[in-house]
Structures are given as C-alpha cells and as structure tokens.
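One chain, chain A, appears in both complexes that follow, with chain B as partner in the first and chain C in the second.
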Partner chain A sequence: MTVPGSVQTLVGWDALASALFLLVSLAIVATRQMLATLRLFVIQSLLLAVSATAIGIGTHSVHLLVVAGIVIATKVISVPWVLKITVGGEIYGRREIDQALTIPTSLILAAGLVFFGFFISERLFLTISVPEFTILNLPVGIACVLLGMFTVTVRREAIAQLMGLLVMENAVFFAGAAIASHLPTLAEIAAAVDLPIMTLVFGLLIRQIHRKLGTTRVGELSALGER
Partner chain B sequence: MGRSLLFNLVQVAVVLLLAPLVEGILAKFEEMVQSKRGPSVFQVYRDIWKLLQKNETVSSHSSWVFRAAPYFAFSMPIFVALLIPVLTNYPLFFAFMGDMLAVGFLFALSGSLVTLAAVDTTNPYGSIGASRSRMVSFLAEPVFMMVFFTVSFVAGSTIPYIVQQSWAFSSQIFWGPSHILVVVAFLMLFLADENRIPVDNPHGNFELAMIGKSKYLEYSGRGAALIKWGGAMKFMVLAIVFCNVLVTPWGLASGKSFLDILTAIPFVFGKLFLFLLVLVAIETNLSKLRLFRINEFLGASFVVCLMAMVVSLMGI
Partner chain C sequence: MAALTWLLLVPVLAALLCALPLRSGRLAGRVTIIASLAEFLLAADVVRSVLRFGEIESLRGFLVADSLSAVIVLLVTFVALTAGLFSYGYILQHREAHDGARRVEAYFVLYNLFVASMLAAPLLAHLTLVWIAIELTTLMSAYLVAYVDTPEALEAAWKYVILTSAGAVIGLFGFLLLYWGTQTGGEVPFTWQGLLEGASRIPGAIVWLGFLLSLVGFGTKVGLVPLHTWLPDAHSQAPAPICALLSGIETTTVLYMLMRLFPVLEASHVANQSAWFCSVGLLSVAVAAFVLVRVHDYKRMFAASTVEHMGIIMVAVGLGGFPAHFAAIYQIAAHTLTKSLCFFAAGAVLLVTGTQEVAKVRGLMSRSPAAAMALLLGGLGIAGAPPFAVFISEFFIFRAAVLSKHYIVVGLLAVFVVMAFCAITFHITGMVFGPPGEFNGHDSPAVCNWAIAIAFVPVLILGFYLPPFLQSLFEGAARALGK
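This part shows the complex of A and B:
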C-alpha cells in the first residue's frame, strides 16, 4: 500500500477507531448494566465520528465531516437526552438487565457472528475503489450490524433492545462512511433526524409498557393473560 | 559476547531491585486516590527486610513442596527477565534460550508449585485459595495462548525481542486493529493473573473472599519474604512485557554502551509509571466481580483475543 504520510496517519486513526468500535459493540453484548450500555453507545458514536472525520480528511469529502458533526449532535447529545426524558428512571436507576442466554454463550455466538461478518465483507472488497479505509470500516461495520441484531435478539429488556437497534444504525453508518463517502448531505440529515424521533417513539412506547405492566421486561410478554 | 551477558545480568538486577518499588508506588497511588496518606513507597523493601530477619516456622506435616515453592516463586521471574526486553532494543545473550511460551511455562511452573504448597499444609484457607486460583488460571490459559499466537503470528516469531521490534518499526502493524485488540485482551489477562481488582481484591484481609493471597497464609520468615519479592518481580516482569513489547515498544536502549543502558532505565520506569496510573484508574473505578462472574470476564477477553486473531488473519 503506497499512501502518503499524512493519509497513513489518518488510516492509523481510523484503524484505532474501528478496533475500539468493534470492542465497544462486543461490550454492549456482554454488559449487564443498563447505564453502562447507554454510555458504551455514546462512546461508540464518538468513535464513529472520529472515523468519519479521518475518512473525510483522507478522501477530501466535506460530507463526511458534516456526518461527524451530525453524529455528535444526534447520537452523543440528543439520544441520551430523549431517553432521559422518556424513560429516565428505567435507565438511570442502577440495575441489571437479563438475557435469554448466559454471557459466555452469547459472547461465543457474537464471536461467530463477527467471523461471519468479516467473511462476507471479504467478498465485497473486490469492487471497492478506496481500499485503505474500506478494508477497515466495511468488515467492522458489517460485523457490528450483526452484533446489534444479536443484542436485539437475546435481550429481554425493551431499552436494551433499543440500544441494539441504535448499535445497528451506528454500524451501518460506519460501513457506509467508507463505501459511499460522497452521499448527498440531505440524505445524511434525513437519516440523522430520523434517529432521535425513532428513539422518542420507542421511548414513549417503553414508558407506556412500563406504566401498564410495571416492568419493561418485554421478554416476559409472550403469554396472554388477563389482569 | 561478554558485554551482552553483562547487560542481560543488568536487566535481571533492575527487575530484582526495582520490583518492590513498583509495587510500593502502586500501593501509594491507590491510597492517595482514596484520600488516604498511604505507606511510604519503600514500604515493600522494609517488609521484605523485616521478614528476612525473622525466624521461619514450617509445619512438621508439610512436605518438601512447601519448602521449595518460595524458591521457585522467587527464581522464575528472574529467568523470565533474562528472556524479555527490559532495557535493550536488541537481543541479548540469553534471548534465544526461550520464547514467550517458555515465559508462560516458567510462570505456570512456579504457579502450580505454589498452589500445591498451599494444599500441602492442610490449612483449609490454603485449599480454598488454591482451587480458586486454579480456576482463574485455567480460564486464563486459553487467553494466554491466543495472545501469544496472535502476537507471534503478526511478528512471525515467538521471541519477545523480535516481536517488540516488529511492533516498534511498523506503524501499519502498530495502529492495526489486531494490535489494539491484543493489548486489551492482554490487559484483562494481566488483571486476572496478578489478582488485581475486577477478579480479586489484593488488599482484602478476609480469608474466605481471597483468591491469590490465601495461598501464602502459612508462610513466615524467609519463605514469606521470598514469595513477596517474587510476587513483586512477577508483577513488574508482566508489566514490562505489556509496556515494552506490546503497548509502547519505544524508548529502549539501541546503543551498546553502558550509558545507553543506564539512560534506558528512567525511560522504562516512566512507562511503568504511566501503566501504574492506568491500573490505579481501573482498580479504583471497578469493584470486585463475584466468583462465578470471573468466567465472563475471562471469556470476554478470550473473545477479544480471538477477534484479534481473525482480524490479523484476514489482513485487515
């Protein structure tokens, strides 16, 4: 790979961000604390912003710098805020969330999913034009989409499932930043505005569930019953 | 040749003499963070000196294992210090005598002897501590293996000096995701292996909750001093592997004069100092895990390491 020195530094930053991105996604699968999940999501969004900035400077794309700004505004600031308003007590109360599987089992399965994601993304490399960023972001992004989906599947808790959805969203951005660095800004803004609204709707739904049932453990809602 | 051997012995001397200081500084920092005054940084030297003066009491029911274990615990870190880059950038006299698997083997040997010694005296707390620390170490074993395989796969060698060079001179590898994942996995392994806080509380004095410390309850006098000193050296050696080989492979002596070696000592000590700060931050922010959650902690570190392996195999 023959790239100029400054681009190499940017690739280094991107590599650091993608390694930590993967690590944080794994941590979201493994953690038991509700508040920790939210904090990890915020960290993950910051890493997404770092990666987008690095790629934006590296490929001279202003759009990605805008994306980085939008990510910080929506995911780091507004999503936690919206969640605090709607379901604050559920998140900021220190409590543990349960899973359908034990944590070691879900970690092993998560590892399998990551391999699968890497395996698929290797097939996609052939068609890519800017290799040095894509080779980092695309596999990590696809693997983290799978990890987010896995989080939605195994958690029995509505807020944790929302976190899984948000992780998937982050991961799609992460993979997309490398492939489509010149996506119109309008599309980015549309996607970004959707996110707090989605969080708001979800939060209100969770609050309603909580008000009706006194719990947000949606995993236990499989049986019908009369109250 | 002769100089290479001499430098190798200087490395051992550095580990031997500075290890209690490293442990003393860590203890002092932790107390300071908790708004206490804390013992002097030289307290560990005083403890070792005091214990060396005292008489040793050995139960008449114990076998030779109990008497031999402190010497193993004391000498294995010294052997390891011969094999790893403590101060120099280039391989020294004994560098090719053993690789990283040999390092793991030497620590495993002393660890298992100490465990046997703990069972040997039929002190119930010793047996509890022994079985618990075996549990932690057999969970840590696959992580150890994976870390070494990943690291040596990237470097193309299992000799610590060559691994250090391959990290130090290639920014492509250094900033690669597999390197960062290996560093995280090794840090978690370090915490488990050294009985630090998310796995075990090194400051606890309650025998039923101990993992690492209860193995040494029966030792007194010289045996206790050697075990304490050996533990400090093991801590320092692993921290040096972490700093000099994995995280910051710079700042080591590359010249072959005595002055170069001596100027490397403050650099290495500075790196250890920063590492101790990180360790203090981890230890004061986390609380000890329940015993049956240790497998989750080490399982997570195994998966992280597996991921590092796959990432490096895929060439990402």
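This part shows the complex of A and C:
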C-alpha cells in the first residue's frame, strides 16, 4: 500500500481530529437545542471517521478504513435516520432541553472531567511506551467517555440522554481506533449491526414513553423507588 | 460439537417462527416452549461433552465451552424452559384478551432472542463478540420490561436501558484496553483462555484499568451497589416470567464475565483482587439487607434479594481457593433456580391479589393455597432456610471462609445474611398467614402451576443431594476460577 504523505502529516491530522473531537463533546454538554445536539453528534462521528482513517493509513491497518466506513454508514447516516422515523420530528424538533445543572456549572465540571481523563492516561503512559496515535486518542477517548456519562446524568430529556450514550460510544471507538487497531473484521460487522438496533430500541421506547406519558422528560419520572 | 451451534440457532429459528404473521399468540407460545425444551436437551448434551472432553468447540473455534460456561448455559436453558411455560399461562391466558395476538407474538419473538443473547455470551470465543452479546441482552429485553405499558413499567424500562447501556459502553472500554494488552503483551488471542495465558506478560497497568472499567461497566448490569439503583425498578415492573429471567439468570450471565477476570488478575499480580471482590460484594450484601428490611413491594423484595445474592457470589469468588470457588458455583446455581421460582410465585400472587404491596396481601393461604405455598417455599428458599439449595451453598461459603481464616468477612457476611433472612421471612409469613384479605383476582392457570412445580424440584433436590455429574461439572467450573 502506498502511503500518501509522511506519518508525521497523518499524526497532524489525527491531532486536529482529536482536538475538535474534544471540543465537540464539550459543545454537546453546553448546547441547549435538541437538534443542535444531534448535529454535533454527527460532526463528532465524522471526526471519529477522520481519526480512524489517519491511523489506518499510518499503521497500515485496512481494518480501520473499514471502521471509518462503518462509522459513516451507521452513525452519520443510519442513527439520525432511525431516530427520525421512530421518534419523529415533533419530538426532536427545534426545542430547548433542560437539565439538572446550569450550563456554566456543567462546563466547569466538564473541564474537571477532561483534566481527570488526561491525568489517568498520563499515569498509564508513565508505565508503558505507546505510539503517537495512542498518546493523542486515548486521553481524548477517556475524557469524552466521562463527558458522555456526565451528559447522561444531568440531562432530563430522553433524547439528550441517548445522545450522551452515543457520545460515550463514539469516545470508546475513538480510543479503540488507536489501541485496538487490529480487531477482527467480524467484530466490526457485529458493531455495525449493534448500533442501529440500539438506536431503534431506544427510539421505539422514547416513542412509547411519549405516547403514554405525553412527555419525554424522563428525568422527572419518579413513580418508582423505596418509600 | 454441533450442539453448541444448535444452541444458538434454535432460539433464533424459534424467534423467526414466532415472527410469522399468523396472529396466533398461542402458536408462538407453543413454539417457544418446544424450542426451550430443545435448548435444555442441547445444553444437557453440552454438559455431557464437557464432562468427557474438558473443553469443546464448534464452528472452528468460534464457539467454545468449558465447565464454567456449561454451568451458565444449563441454568439459562432451564430457566428459559420454566419461564417459557409460565409465560404461556401468564401472558397468553392472562393478557391476550387485553393485549391482542400481535403484542403476544412480539413478546415471544423477543423472549427467544433474549434467550439467544444470554446463551451467546458464555459460548462465543472472541471477547468483542461476547460484549455485543451482553449489549444485546439489554436491547432484546427492553421491550419485555416495558411490556405491561404502564407509566411505571416505561420508567423502569428507560432506567434499565440507559443505565445498563452506559455501563456496557464503559465495559467495552475495559475490554478494548484488555485487547490492547493482549496485543502488546505477546500476541495472544483475545479469548478468556488467551487473556489467562498472556496475563503475566500484559502490562499490569492495562490489566488493572481494564478490570476497573469492566467492574464499573458490567457491575451496573449485575446490580452491584452503588450501581444497582435501576435494578429493583426493572426487576419489579416486568411481567413475572421476564423478572425470573432478568433476576435469575441475566445478572448471573454478566457476573460470569467478572468472574472470568478473577484468575486473570490473579495471574498478573497487579492488585489484591480478593480484597476488591470481597469488599464490593460485602457492600452489596449490606445495602441489600437494609433495603430488604423496609421494602414495601414483594417483587422489589425479590429484586433486592438479587442484589444481595450477587454480592454473596462476589464474596465467594473473592475468598479464593477451590472450596470457596466451588461454593460460589453452587451459590450461582442455587440462586438462579430459587430466584426464578420466587418470581413465578410472585406472578401467581399478583394474579390472585392484583397488588404488589406487601402490606395489602394478607392470609393468602386460605384464599389461594397454591400461590401461598409457592410464595412460602420460594421465599424460605431464597432467604436461605434448610432444606433448600441456598442454605447448603451459603453454608459452603461460610465453611470455606472460616477454613481460609477470613474471619472478618465471615462475621460481616453472617450479620447481613441473617438480617436479610429475617426480613424476607417476616414479609413472607405476613403475606401467607393471618385472616384473608379481599382479593378480586383469580387463581393462576394450570400451566403456571406446572412451571412452579418444575422449578421447585431442583431447589429442593440441590438442598440435600448433588448428583455426581453436577458435582464434577461444578468442580470443573470452580477450577476454571483458579489460575
């Protein structure tokens, strides 16, 4: 395989993708619009595909090029489409989402999580030597998993929580592109099937909740629990 | 061994059959029961082969089974069979008029797929695929948890899918780190066996972080405290046969993943894995014991008891050594069999009384002796009273802990287990005896009582007698937990 450009250029592309990936994850924490969250998720998935392509060319891993293709097919195309047909524009149209914390508070906590993610990775890098791609992708991956978890926790809206979950999954793939670049193709195909099923199940459940309860603000449901 | 392949094919084929638009829930139910019976016989065949050959594989090593996976597979198929029978009565005869044939068909389609995913998790060789199987158990059961379509059930289903999926993603991160370890540490295949062989060469920091993320991720799905908050909701709102599957075997199937990591940690010498397993387990037992004391809903009571038992199994695994590991396997079997019986009993009681409130159910014995007996036997069984299976397995755990001189663990465990025992028996006796209350329900269909009777047989037998083939199977499984 001919390598277009030097490996250093590819590391540069991956660095750009990593930085933007982190920024988009922070933007998802900060945004107030439902539709904007979905668009940011699509952008984030594209950045994941860019990073996977760069690492794939850099490490001569055809698998990662397949991963990039799968990411575009599932996350950029099928997830928004499945959400649209299951949940419908009425629910995830132009409207605001509320959350348990204010946006500035959330951003300060999110910054703390990012620091924590980088801290853990630095500790790991002290003990083992790793290639440059891993130095870029692993800390961003850990930080964004934490940001996604944070989104799931503070958002009260079902679709916003689902977006947090998808951010987490993107982040794991982002780190995985660097640390697990030679996974068998079978695993990739299975992952490609899994994600649309997941979106479908969540979408149908959100629709059922909306139909039955007239709202998708799942954070306010509190019929269950110990009295 | 073709049996392994068929074990995954049969439930998928059954799901396809149920999906045919015949508008007959009855047919879908019968297909499910026949398929479950076939799966149970196949599982018995797998057990037979495992006992003969040690480890068997199928599809060129794509599927593997050793004693530990065979134990899980046998339990999955047994509960799938009894829960299938119970569903036939509970879902069809109780709800078909209310739900319509199409929803009942959808129930049985997903029921079979749910069982397939739980069978895939212990059988698939490659760990990335195992992860996907675990994620599918959540996705396939989401609709089943929400089946009764009440606001409470939907709330429970939402908490269930969002929290366990988030947990699964964290677990995936842990698995990818371990995969990274297998690649940097000497190119071993990414299977349980490969991880174990390569454990000493994988950098300790990776094994450690991989385990921690798996513990948090899969611990969410197992219901380990403090990640258990969704569990009593989902396990109390789903229809009774689904609760039996969720509480009885789904939790155990995920716990199996954490148990497999125990010998890996032991071989890599990176941390005190025993202390981690024991303290996480004890915390779950302790919190569950306090929840059990003040529980107000009898299905939530059995769900909280699941958290307790997952904790007990974690402790037994953490104690280390063959006797404790044998006790852990015994406890897994005893818990799965007894817990499914408990939820069938809870379903029967719900049909009679129409309420899940402990306080509103009184004098069940004079109103419906069958449901009352099921509840009494299931409740005493899960609390750990003799002569039932849980009593023996807990006795083995205490004995192993005393023999290995873990006196603090024994002391704490004993306090919480006795507390849980008193709480459960107190609630159960209050419901069963006394002057009868006013109930407008009806007795459960005959097929449900048959399911309860079948589920009760092993609970009783394992309380005083372990057949030789199970003895060798459990011993093999216990050895798989050592390095």
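Rule of thumb we're sticking to: the second predicted complex is superposed on the first by the 209 of 227 C-alpha atoms of A that agree within 3 Å, B and C clash if a C-alpha of one lies under 4 Å from a C-alpha of the other, contacts with A are read in each partner's own complex, and residues count from 1 in each chain.
Quick note on the criterion: a contact is a pair of C-beta atoms (placed from the backbone, for glycine too) under 8 Å apart; a residue touches a chain by one contact, two chains touch by 3 or more.
Just so we're clear, the structure is a prediction, and the values are computed from it rather than from any experiment.
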| item | value |
| --- | --- |
| Combined model on chain A: chain C and chain B, fit or clash | fit |
| Partner chain in contact with A:Leu23 - chain B first, chain C second, else both or neither | first |
| Which superposed partner A:Leu124 touches (first chain B, second chain C, both, neither) | second |
| Touching partner for A:Phe202 - first (chain B), second (chain C), both, neither | second |
| Touched partner set for A:Val114, first chain B, second chain C, both or neither | first |
| Chain B versus chain C as contact partner of A:Gly56, first or second or both or neither | neither |
| Which of chain B and chain C A:Ile179 touches, first, second, both or neither | second |
| Chain B or chain C, by number of chain A residues touched | C |
| Nearest Cα pair across chain B and chain C, whole Å | 19 |
| Residues of chain A that lie at the interface with chain B and also at the interface with chain C | none |
| For the chain B and chain A complex, residues of the former touching the latter | 171-172, 174-181, 184, 295-296, 299-300, 303-304, 306-307, 310-311, 314-316 |
| Complex contact set, residues of chain A against chain B | 1, 8, 11-13, 15-16, 18-20, 22-23, 26-27, 30, 103-104, 107-108, 110-111, 114-115, 118, 122, 135-136, 139-140 |
| Footprint of chain C on chain A - complex, ascending | 120, 123-124, 127-128, 141-142, 145, 148-149, 152, 158, 161-162, 164-165, 168-169, 172, 175-176, 179-180, 182-184, 186-187, 190-191, 194, 197-198, 201-202, 204-205, 208-209, 212-213, 218, 221-227 |
| Chain C residues within the chain A interface of the complex | 126, 128-129, 132, 135-136, 139, 142-143, 146, 149, 151-152, 154-159, 161-162, 165-166, 169-170, 172-173, 176-177, 179-180, 183-184, 203-206, 209, 232-233, 236-237, 291, 294-296, 300 |
